[in-house]
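Read through the structure below, which is laid out as structure tokens, and then see the notes.
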Amino acid sequence: MLDSLALAVSVPLIGALLVTAVPGRVQGLGLLAALATLATVGLVTAEVWQQGSLRSDLGGWGAPLGISLAADGLSAALLAMAALVALAVSVYASGYFSRGETETHFWPLWLLLWAALNGLLLAADLFNLYVTLELLGLTAAALGALTGTRAAVEASLRYLLVGLLGSLAYLLGVALLYTAYGTLDMALLGAAVRPEPIAGSALVLMTAGLALKAALFPMHFWLPPAHANAPAPVSAALSALVVKAAFYLMLRLWLDVFAPLVTPWAAGLMGLLGALAVFWGSWRALRAERLKLMAAYSTVAQIGYLCLFLPVLTALPAGDAREDLLVALLLMALTHGFAKAGLFLAAGLVQRSAGHDRIDDLGGTAQHMPATTFSIGLAGIALIGLPPSGSFVGKWILMRSVIESGQWWWIPVILVGTLLAAAYVFRVLSRAFNLEPTPRRFVTQARTEVPALLLALTSAAVLGLAARPLWRLLGFEGGL
Amino acid sequence: MNLDQLLPAVIVLSSFLPGVFIFLLKEESHLLRGVLNMTGAIVKVLLVGVMIWGVFHGHVYETRLTLAPGLDLVLHADALAVLFATLSSVLWLVTTIYAIGYLEHSPNRSRFFGFFSLCVSATVGVALAGNLLTFVVFYEVLTLATYPLVAHRGTPDATRGGKIYLAYTMGGGALLLVGAVWLQALSGPSDFVHGGFLSGLHPDVWGQLVAIFFFLLAGLGVKAALVPLHGWLPQSMVAPAPVSALLHAVAVVKAGAFGIVRVVYDVYGVGFADALGLLTPLGILATITILYGSGMALTQDGLKKRLAYSTVSQVSYIALGASILGPIATIGGVVHLVHQGIMKITLFFCAGNYAETLGVHKVSQMDGVGRRMPWTTLAFSVGALGMIGIPPIAGFVSKWYLAMGAVEADAYWVLLILALSSLLNAGYFLPILYRAWFRPPPKRWPEEHIPAGRFETMGALLWPPLITAAFCLVAGLFAAAPFSPLEWATLIARREYGP
Amino acid sequence: MMTSLLYGGAGVILFALGLWAFLVYEPLLRKLIALNIMGSGVFHLLIAIAERGALAPDPVPHAMVLTGIVVAVSATALALAMGRRLEDDDDAR
Amino acid sequence: MRRAGTLVIGALVGLLALWLLWVLRDVLVPTPRLAELALQELPNTGVSNPVTGVLLAYRAYDTLLELAVLLAALLGIWSLGAASPGFQPAGTVLRGMVKLVVPLLILTGGYLLWVGGHAPGGAFQAGALLGAAGVVLRLAGDARAGLPPVPVQRRLAVAGAATFVLVGLATMAFGTGFLSYPPAWAKWLILTIETAATLAIGVTLAAAYVGGQPVPRSGEDGPL
């Protein structure tokens, strides 16, 4: 009996243990573990594709006593995105870190983070989610400090503390839920939860904790320094995956567990915070002096974008329109994941090549690395939401739903967000055109440039043109 | 999938794929790059030729890719699409030859020609777009592909021009997107059809339809350089001459004007648009733009700037044609889409030749240039006279049909506008011709890059304007021949107004 | 019932105290202690709900607390190590 | 200003506490809960201590991940640089006490590990005592807190999670599913896991206390 769900968590975990125990072969073993993890995730996705959803009772106990793992289209899609991004990050890291200390420290933590991510996306138990959240937070903070600079350690420490605060708020919520309903399984809770004060308190506490981890405005303050000072492959993973994981969990709680409690006002508040995040994050990204800081602020804005879906989603009745919107939300999250990872990886190369990443002085570097500049451009297209990126399709469906649900006031938010994103992306890209001599060739360092380029390309072209399988994966009409 | 379903996609890809390969080429592979460029251009023209033949014989060419439920990417070849696709692919072939000559010895050619190819792919995509979603997609891709060309030179001026270009086009794109999405929310997913698909909607939403029209118009008006959205066009004159030619005659401005035509005829339907009272504001906007552009052109000393303002003015003839209810005016507007293109590209090629050969950038430096470069100046004269509307050059045909259409629709004020505009056209073109032919040449040219040899300049620079000038004459002289732009425009008008 | 409320209430109050201290005080050590107090508050609540009424104690919250303690220890250790690293940097200047 | 901020935060936090107290006031009734089910299934777990049953049978997966959390903390600490040199060697009296206390701690740890199957105790308590032994040694002047060389430390630190996950995979391979112990083997599998976990926890805690990869003594293993 092959339990693909358990494998998706244990394979990266075993990889982490292996590279910890055998530090001499860290790179080879690490890449091998990355490939193996991708394979297990492929298995999960394939099974979800065929069967719709998966559930595995670990230890054979089953809910409510034991812990279960579960996968549906939403988690499978994010799992697959995480695996592809993580593989690209792994290949990139194998070329980015010079052999030595940093590499020895990077791989075990990185594989642990991946295991935590898969664990989080597959968990069906609220307390188990707490453990995966903590594992994710600890590994993320430790990885963020890997550059060893004072700024990085300081930012990561803050990240760690904020993450702990978020986890504790979440845990208190879990304790309240167990008090009231006597179970930790999400499906059972979803059936049991009633609109009453204790469930409402749990929702508020857990949402607040997760919003802190997802860096939702105004709780985003820790993100930019932490993401901007981490080594490039880590920044990519933090911005593309870790933050998304917290948002995913929040979405799961709102849609699956607490659905009876979610009022239009609560969803509207999330949308409002999202709108503020779009404005503030984009504005700061536009004013950022450093490329990686710009990318980090852009993440704040993108999380805001995702929150804009919530009020519209709650306003729509169950049916095709709501399903389309849910897929659009997923598509947006996936696109941003690929795009942000590609952007950070490319930014890392620029930083390494130029010795800095001040946007105003990037001219020559951009000119010498066409492939990397292209990656930034393609990722930028996806961040702005221009066609044919996945976020364009997502934005189109979002705007259509906004109009159909009569909440037209989100339209200006979306437009302003788009234009500000265009402004900060092209502020960087315009540095690529200057009087420097001709570049030597398109790709100069395949091992690092190609992963970034592929990620960016996926976000800018592939996802938008080939989004239809997502409907099928989520089990909705309108798929293939 | 049979071939008819693939052809539109293949036509778009025929320049896209060479473009991608060109990016990957080493900078030194000039020959291979040239071969790729020319192959793509020639294949595209041939394929479009096949399509013309097919459309004429009633084939339906349609590529459809479903992005999401209700979101179809549709490439569909109707008569209007084929008209624009032919224009852009033929002119692209000519421009490619010109650009290869023009950019010899300059840096970053892989990047330039890569985006150059993407640009024309996007334009053909705009031409063949079968619904608003597809139109928006290629319209935005066009912005993305042209920005690097505008900023290509990398000078502070070019960077600034690029920035302004982006600011306008991105803003316009956002408004267009709102309009398109809003429209879809009202009407559901709909493809372009002759006569539009909105007239069946409930009168309650007519108010919304009016608002949507202005969103769409604002988005399209930016690229079509309608006043007051034209500010980017003169600024982007910093780009190399082939790019200017492309922007003004083939791609960007044309895409905007083409979009207006599409929205008026195939989304709203000209009759329904008239019923909603949308045509009058469009006509007023076009009129203002025509007069303003011509007026500004009068005062410019920079040759390319003068041409740029002339474009602002001339492109609005197309919008003007669309704003008059009646088949003859429609013919005039649509045919001007082609005629303006071939005339304006001739002028830009010539301007590039003057700059590249003699370093002449300003009108005031053009004294006697006709004696040094008679062939180029001949081509320039054909284009300029055509713009004024002198028979038998193409521009005359457009203006004639516009005027007739105005009479048919009892819109006599249009005649006045046409007369005034032609006077202004003459006012800024004739002095150039006078200087070029009748003033004595200076002792030294500002910067003589290419000495006079067997030809007055390089062959790759000389032939393109001569060819396009010939087009201008042929399109005017043989306007009544089958497959002429005029015949094609007549076909379109007949389908729009129906039996 | 009353005892449970007493213990559980104490947990809530510990949590609130910790939260307040975390938000108000700057130094790392105080923040860390505050977090641990918050954690203890949650554990307190869990222990309290494990023993409601006269029934046998519920082992599930107990196990959750044990797991939670190990997680808290790990996180505290990492945070302390980072803090020490920063102080070493200060000393080196 | 600052004082005002403190007060505002205090007021808000106080309100939160009051709200939660009000919410909790009438839900602290005996039901619903998992205890009955857990006690009822206990004979099938292979242990008779209900808490150990939850930790290593019902919710074994949590415990596995928790060992990973512990490992992550240690890896993070190691990545931050070398450890500080440590303390002065202890004086005679302290050394004598250490000689007494450390074996006692190890012995007690072993006992707690064994007893965990049927009474309060288990891997965490035992591991904590082992870690404490390391702390005592380090305080008494042993820079490496009595730990073996770094390569061995690495292997010991992963031993708990590795045994755990390998058992899980083995049960999956034998067809019972991930971490589903066959009843006949359950007791011994749990004991194996707990033993490995105890060692790993002890080593990890002690190594975390050292606070970085120890400076190698000359002639010994280098920093990896």
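Odds and ends about this structure:
Per-chain residue numbering starts at 1, and chain names A, B, C and D are given in the order in which the chains are listed.
Note that in this section a residue touches a chain if its C-beta (ideal position, glycine included) is under 8 Å from a C-beta of that chain, and two chains touch if they have at least 3 such contacts.
The chain lineup, named per UniProt: A, B = NADH dehydrogenase (Quinone); C = NADH-ubiquinone oxidoreductase chain 4L; D = Na+/H+ antiporter MnhB subunit-related protein.
It should be emphasised that the depicted structure is a prediction, and the values quoted were computed from it without experimental measurement.
Centroid distances from chain A, each centroid being the mean of CA atoms, peak for B.
A count of contacting C-beta pairs for C-D and for A-C identifies C-D as the more extensively joined pair.
Taking each chain's centre as the mean of its C-alpha atoms, chain B lies 72 Å from chain D.
Averaging Cα coordinates per chain places chain C and chain D 16 Å apart. Work out the mean CA point of chain A and of chain C, and you get 28 Å between them.
Note on chain placement: the centre of chain B and the centre of chain C lie 69 Å apart, centres being C-alpha means.
Residues of chain D found to touch two or more other chains are 20, 24, 28, 33-34, 38, 58-59, 62, 66, 69, 72-73, 76, 80-81. Shown for chain C are the residues that touch two or more other chains, namely 15, 19, 45, 49, 60, 67, 71, 74-75, 78, 82, 85. For chain A, residues that reach two or more other chains under the stated contact definition are 127, 131, 134, 138, 141-142, 145, 153, 178-179. In this structure, the chains touch in the following pairs: A-B, A-C, A-D, C-D. Residues 1, 4-5, 8-9, 12-13, 15-16, 19-20, 23-24, 45, 48-50, 52-53, 55-60, 62-63, 66-67, 69-71, 73-75, 77-78, 80-82, 84-85, 88 of chain C touch chain D in their complex. Taken together, the chain D residues at the contact with chain A in this complex read 19-20, 22-24, 27-28, 31-34, 37-38, 41, 57-62, 64-66, 68-69, 71-73, 75-76, 78-81, 151, 154-155, 157-158, 161-162, 165-166, 168-169, 172, 175-181, 223-224. If you check the complex, the residues on chain B that touch chain A are 23-27, 65-71, 73, 107-111, 133, 136-138, 140-141, 143-144, 147-148, 151-155, 158-159, 162-163, 166, 170-171, 173-174, 177-178, 181-182, 184-185. Residue ranges on chain A touching chain B, taken from their complex, read 320, 324, 327-328, 367, 370, 374, 381, 386-388, 392-393, 395-397, 399-400, 403-404, 411, 415, 418-419, 422, 426, 430, 433-443, 464-465, 467-468, 471, 477-478. Considering their complex, residues 127, 130-131, 134, 137-138, 141-142, 145, 150, 153-154, 156-157, 160-161, 164-165, 168, 171-172, 175, 178-179, 184 of chain A touch chain C.
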